[in-house]
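Below is one structure, written out as structure tokens; the observations come after it.
For clarity, chains are labelled A, B and C in written order, and residue numbers in each chain start from 1.
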Amino acid sequence: MPETSQNTFFVSSRASQQFIDITGEVQSRIDRSGVKNGVCFLFLPHTTAALTLNENWDPAVPADILHTLEHQTAPSSPAHMHEEGNSPAHVRSSLFGASQILLIENGRLVLGSWQGVFLAEFDGPRERRVFVKVMEG
Amino acid sequence: MPETSQNTFFVSSRASQQFIDITGEVQSRIDRSGVKNGVCFLFLPHTTAALTLNENWDPAVPADILHTLEHQTAPSSPAHMHEEGNSPAHVRSSLFGASQILLIENGRLVLGSWQGVFLAEFDGPRERRVFVKVMEG
Amino acid sequence: MPETSQNTFFVSSRASQQFIDITGEVQSRIDRSGVKNGVCFLFLPHTTAALTLNENWDPAVPADILHTLEHQTAPSSPAHMHEEGNSPAHVRSSLFGASQILLIENGRLVLGSWQGVFLAEFDGPRERRVFVKVMEG
């Protein structure tokens, strides 16, 4: 049984703004690692997307979150200078963060009843890469 | 002395929006673990609350933060579709995050002079559970 | 070769609101640790600044992020009660977070092509301290 394992998987977004549930993919990486108790680190090498935890039961929750980000928290602005025009996506990436820590107990992710792991796309559609590192302990 | 230990504690919020200082509770879990140097991971299995670090000296600081979240960063909106009506709490949870990393030196949390660890309640009053994992190293 | 190492470095900001690229400084600490594969934890013992990942290529990106924080996400407000007058800095600190997790592969930080590590100053100019902990595994 390895003490740690690291690998990556890819996620393809299909819209400009989208929450993609990656809970199952992360769990399958933990299964393969053989680690029963420890910590799972997720890392996203992108600056216009993020990793976040939220409710994965009612699809209205991600929709309302994206609506709030676009209209209230981090809207576009004529004052933005970055020529690619995706400055709001960069703001949202720093607000939600590019990494997540998850705990593992008896080989399973510790999560609340309605809690899932999402890749939050803010500048899609694109292919995104997620790094998974599992540490026993 | 165990190399790692994991356990949980419960926090009861008394208001809809509230910062609850959990610094002492976290430190007591580190004391019991016997770990002198390492990393402490905190995880919250909830999607309408968060864990955050901020000033725990002047109570006006948490009050001003909650005011900003409610009126500027993530207010309620008639456009929200989630029927429970707590979409702003879900947004705030992703903004602050459901986990924290803390460092341990000589058995003590590494914190700034006025820095404390808070459970940020965004949809209370409720009972919330906090997972604590301590890793030596 | 040590299994873990921890140390700190200092960063001096020169403006009230400023992104300071600390990627090179973090990499140099990893070099000195001798750790080839593992996790790097960064921790900031301050409550009016943050650590964040974002694009470190076009300087317009940090400028646009700071503009959005000031004008949209977490502006100042006459309703704020904290007498130091820096409540927006406290909000921004909790929004971006005081810590970061980074992965290490073959002795190098895992980062996207245009991704860098920043200290985000929200109440400068000040001297800030950054803790770096490297864990092998």
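As a convention for this text, contacts are C-beta pairs under 8 Å (C-beta built on N, C-alpha and C of every residue); 3 or more make two chains touch, one makes a residue touch a chain.
All figures in this text were calculated on a predicted structure; none of them were measured in a lab.
Under half of the residue numbers found at the subunit A and subunit B interface occur in both copies, marking it as a different-residue contact.
Note: Cα superposition of subunit B onto subunit C, rotation of 120 degrees, nearest 5.
Separation between the centroids of subunit A and subunit B, computed from CA atoms only, is 19 Å. Counting partner chains per residue, subunit B shows two or more touched chains at residues 72-73, 95, 97, 101, 135.
Interface residues of subunit C, counted against subunit A in their complex, comprise 37, 39, 52-55, 58, 60-61, 63-65, 67-69, 71-73, 95-97, 100-103, 105, 110-115, 120, 135, 137.
By the touch rule above, subunit C contacts subunit B in their complex via residues 3-4, 6, 41, 43, 45-47, 72-75, 77, 79-84, 87-88, 90-91, 93-95, 97-99, 101, 131, 133, 135-136.
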